[in-house]
Amino acid sequence: MTMPNSPKDLYRPRRAEIREVIVENSQIKTFVLAFVDRAHNGSFTYQPGQFMMVSVPHCGEAPISISSTPADSGTIHLSVRRAGILTAALHDMKQGDMVGLRGPYGRPFPMTALAGSDLLFVAGGIGLAPLRSVINTCLAAGHDRRITILYGSRTPSDIAFQGDLASWGQTAGVNCLLTVDRSEPGWEGEVGLVTGLFAQCALEPDESKALVCGPPMMIRAVLAQLADRGFADGNIITTMERHMKCGVGICRHCHMDDKLVCKDGPVFTLEELKRLKVMELRG
Amino acid sequence: MKDKYILKKDHLLPLLRKLKKKHRLIAPLQNLHGDTLFTEIDQLDNVRLDLANQPQNSLKRFFFPQQEVLFTYRNPTSDSYRFETAAEERPPSLYFGVRPCDLSAVLYMDVVFSKNARDPHYLHRRQNTILVGLNCNAPFANCFCNATRNGPFIDFGFDLQLTDLGDRFLVEFDRSQGQEIIREWQQFFAAADETDVKAQYQAFLEARGRFSQQVHLDLAARRLADDQVPESVWQDLSMRCQDCGGCAYICPTCTCFTIRDRQTGDHEGERIRSWDACTFSGFTRMAGDHNPVDRQMRGIEKRFRHKLQFDMEKDNRPSCVGCGRCVNICFGGTDIVLFIKMTCGENP
Amino acid sequence: MHDILTTCVYCGCGCGVYLHERRGQVVGSSPSRNHPVSRNNLCVKGWHLHEFIHHPDRLTQPLMRKNGRLTPVDWDEAMSYAARELGRIATESDGKAVGLLSSAKCTNEENYLLQKMARAALHTNNIDHCARL
Amino acid sequence: MAGLATTFGSGAMTNSINEIENAQVMLVIGSNTSEAHPQVARRIFAAMDRGARLIVVDPRRTLMAKRADIHLALRPGTDIPLLNAMMRIILDDNLADDLFIEMRTENFYGLRDMLFRIDLDETARITGVELAGIRAAARLYGRAQKAVICYCLGITQHVCGTGNVQAIANLAMLTGNVEKEDTGVDPLRGQNNVQGACDMGALPNVFPSYQQVDIDDFREKFERAWHVPLPSQPGLTLMEMTHGGKDGPLKAMFIMGENPMLSDPVIARVRETLDNLEFLLVADIFLTETAARAHVVLPAASFAEKTGTFTNSERRVQMVRRVIPPLGQSRTDADIIMELSGRLGYAMDYESPAEIMEEIAMLAPIYGGMQHDRLENSWGLQWPCWDRSHPGTPFLHKYYFTRGKGRFVPAEYKPPDELPDDDYPFLLITGRIYHQYHTGTMTRRSAQLCREAGEALLQLHPEDGRRLGVRSGDLVRMRSRRGEVQVKAQLTDAVQAGEVYTTFHFSEMPINLLTSSARDHFSQCPEYKICAVHLAKV
């Protein structure tokens, strides 16, 4: 038996430099990265919804979804919430530091299918990161249908991606609404769950696709709301988060029944998820 | 008979001696303690080749080691951050005495490590390998490869394969490397005749009749797929599991792994891959202690579902090869055979 | 790769375990099938028995406290200082002011030697180990 | 092991681990077997699958307790009243083995008189266990033809540890459940070679093979063999050595492969003791909390780098084999001792561990037939093994007890040294968890084990959690009269309300800052299983 030995080591990351660190809030930072290998940096491409395996020295690797837009070539944005050892170490890194990157991996959002529909984006906290990539890609491509963005944060100072939110709010055809769980002095916007914003939106379920991303509690509430509004399961799209090691469909850490999040996901329609025993949907 | 040969038993050792000149030779040896293991042979003269007992280890760790360094890294903080893959020499290797269960397991691993992505570390070890099979004339007490349908005899996947006919081996090949060996060392091989082939078939019939247990794997797989396994079965299993990971580690087809960094100095370290078991709670636990799988209740379930349901649905065959190694080793007294029996409503 | 049978150190059960040696490194652990205790399986600790052996924290040279800090020294310096101090205090106190703790993780032979050294060389019965902990 | 030595004459597992599989009734008391001795639990579960019944006596609802036929969740420290009540019920129900008592034991009347004084209702009150449960357990155990009792540190780490063990031995003798295959009393040893270290005389009062230093015949035997006069006064115990404090009896210590700075009670006292030594020498494989305080630290080889023997719980002496040479400049402890001894003026010249074992075999009768060549080609030998033709001893006390006749030593209830009160309302139990071992010097350096269980958790009953406003994952400040730690809470009904449980594996959370230095008078075992603590959410 002979098999050609792959010249490229699947597991070996490429070096990337932190060009900039954007502090989104106390828990989230966005790292602007570029591969040290300029040729690779030039040719590197990805699609919204995909993720990178990020190596932090001595801490191993973790999957982080890409929050930038493929059109902005030259750098990759990874927005990271401080959650464990690796992300904490990453948060301590600064401009000029090195990390390792592998990817892009995973099934992206169905961008072609999205192009002809009204789009409803519902995000909570760090969940806006992958959706930001979709929104900016759609806008750059001149999306000509209605776009609605609903974003929930815990508090006003937890609102991430403020620059994007501001610019979306000023874009014609985009309805961008924010809400917070707990108000703070100076906040005059909405207070309450993100589902509370639905009343302010004109939605045509048959013409729309809903992209939902956020903590499990929020996802469950939003899915219930969408079902009430008559969204078909096939038109509801979300991303799943799982512990991952290889990122390429071998190690099986990210399994959900017979599916692997790294390869069959992380983007799934609700229709697909309902065939699986997914804890997040059951509560 | 075309493409079937006879090797006299007396000539086995001399043949191995010849083959060892060009190959790293791995075969089941019985050590001084009485355990039989696939072992790399340094010296043919001082070893006890054991073709009568099932080796306690499968070939898994020869291709997919319990722990391996994927690459080393240096100077992570500076711009001379480097990742280096340790180039490992891999002399041509010959695995001798591979039974149908272990052979099937290697074929399964070939798919796992190349289907979704080509794993260079596995494939590097796997290439330049010759597998010399040995059909099982006498299944062991815990064997159930008849139920997993890959034994006791197998007719594909090997380079060379031997069937014990008493004083001689019937030799077949399924790949060109095996044919090449027969051609190069033709002085050891005589053409087989019809009697030999009949004798092989007789051996097969007898082997098939020697299984000490009936395992209704297909029925259990159907019940799993139809979600007809009573919750009480899962509860009993989850209570029994002691979280040792032994069933997965000893299994020739369990290929889950984990990857981690090990710092070896102030400015250097290794990225290590090692075996993992889906039954461990840390297998799915995410940062921040959120765990989408309840190990206590579901740890075992996902392992059995993977083997008997999901792989069955995908490939129409289970990813259990019936080797029986996990039988009777569980600290809580459970194993895949017990699960199948419970699922089928039999009293084990 | 070679498998060498030894005895697990993680509890009083005493499983027969093979350590896998490859190029001077211990890279794996597996149970002995016929061993009366392990009987082809190990607990989770036994299956990961090899992991601590090459840990970078392993001490690989003698250390001596100099100016308050533990500083690498050679064996001769460490040993001659240790022997001088132990010997001096043992002699001054007729063995009463020296104490030795042996280890339930060391071999029988080592335990034997340590109690022999305590009694024969340091003239003390002040030797114990943490049997009760 | 003082308890078993006084009753049976020998302090070790009377059975082999495999024999447990054939028992009909198993009584597990003070042992979290499935986590601390998985292979023993495996035999217990196997026996259950063959129809055997399991009785578990444990304040916590461990996995063993969950699988048990009868779980007696007693108040910590009330084992003696519970066992005495079981014996009383056995007497009342005529389940005692009269013939065995007559043939093989002595002082039965001493026990009987004590048992007849017991008020069973009072027992139920003291232990917190309903009498019906105790009665069921007594009858189940008393009626079994082959019954095994497994116990561990939950029995011995009490101020009444010796009494606990004597009570267990009494129960076994009363029903004739010793001296037979598949039947007996099995103390499970916590560490891999505790049995061997004891056998080898790493104890202040005995030479190898339990030959007392203060008995002239024994001492003279060793003086002749070692060519040197030997001290006849028993020495200091570990607790006396490590808890002497500033004015302790010692000026110098040599600590080989132990970590009292984590494993011993009242760590503050240990620290004070070690810091006041004129000279501290430590040999270890890692820079442990203890080694960090030493004047000289010698790098030792790990078990994979040396040859020798370990003795397991079932008295099986088996080979440890060298797999790789010592790392770096490290040396085996044997090499370290030999050189040190030579420099101290007492030459030790052994060409190999096998030669050391030959000397052991000559001096330690129970190891009389154990030489490396015999151990090499077998699965080891179980002591006593008197000479080279002896096959070893799978179960002890066949035909007669080691001390001749088994002696009933009545044990009476002695309350724990420190019980919860208004200031320290919770009762803290300490012990082990499955994924970690002892002070964690080895297991804490195994990535996989740490992934599974990498931090100390304090098991707390949900009711208590609610009262304290503590949820799983919250940090709790726990303090006793001796010290204070912070630890993450885990709410679980595995512990009873008012009781909490945690482990001593983690140096970041040195629980032995809190534990009491109260100890059993005979065995010197510290009372790790009980102390009073106060909890508050951080």
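Per-chain numbering from 1; labels A, B, C and D assigned in written order.
Assume a contact is a pair of C-beta atoms (placed from the backbone, for glycine too) under 8 Å apart; a residue touches a chain by one contact, two chains touch by 3 or more.
The structure displayed is predicted, hence computed values, not measured ones.
Contact counts per chain pair peak at C-D. For this pair, chain C with chain D, the centres built from the Cα atoms lie 19 Å apart. Averaged C-alpha coordinates give centres for chain A and chain C that are 51 Å from one another. Separating the CA-averaged centres of chain B and chain C is a span of 36 Å. Look at where the CA atoms of chain B average out and do the same for chain D: the two points lie 40 Å apart. In chain B, the residues that touch at least two other chains are 33, 242-244, 258, 260, 262-263, 276, 280, 285, 330-331.
For chain C, residues touching at least two other chains, in rising order: 5, 16, 34-35, 41, 43-44, 50-51.
For chain A, no residue reaches two or more other chains under the stated contact definition.
The list of touching chain pairs reads A-B, B-C, B-D, C-D. Those residues of chain A that touch chain B in the shared complex are 1-6, 8-13, 15, 17, 36, 55, 57-62, 83-87, 97-98, 100, 241-243, 245-246, 248-253, 255-258, 260, 263, 278-280.
Within the complex formed with chain D, the residues of chain B that make contact are 32-33, 239-240, 242-244, 258, 260, 262, 272, 274, 276, 280-282, 285, 289, 330-333. Interface residues of chain D facing chain B in the complex, by the touch rule stated above, are 34, 38-39, 41-42, 45-46, 48-49, 63, 66-67, 376-377, 379, 434, 447-448, 451-452, 473. If you check the complex, the residues on chain C that touch chain D are 4-16, 19, 21, 24-26, 34-38, 41, 43-45, 48, 50-55, 57-65, 70, 75, 78-83, 85-87, 89-90, 93, 95-133.
On the chain C side of its complex with chain B, the touching residues are 1-3, 5, 16, 18, 20, 27-35, 39-44, 47, 50-51, 56.
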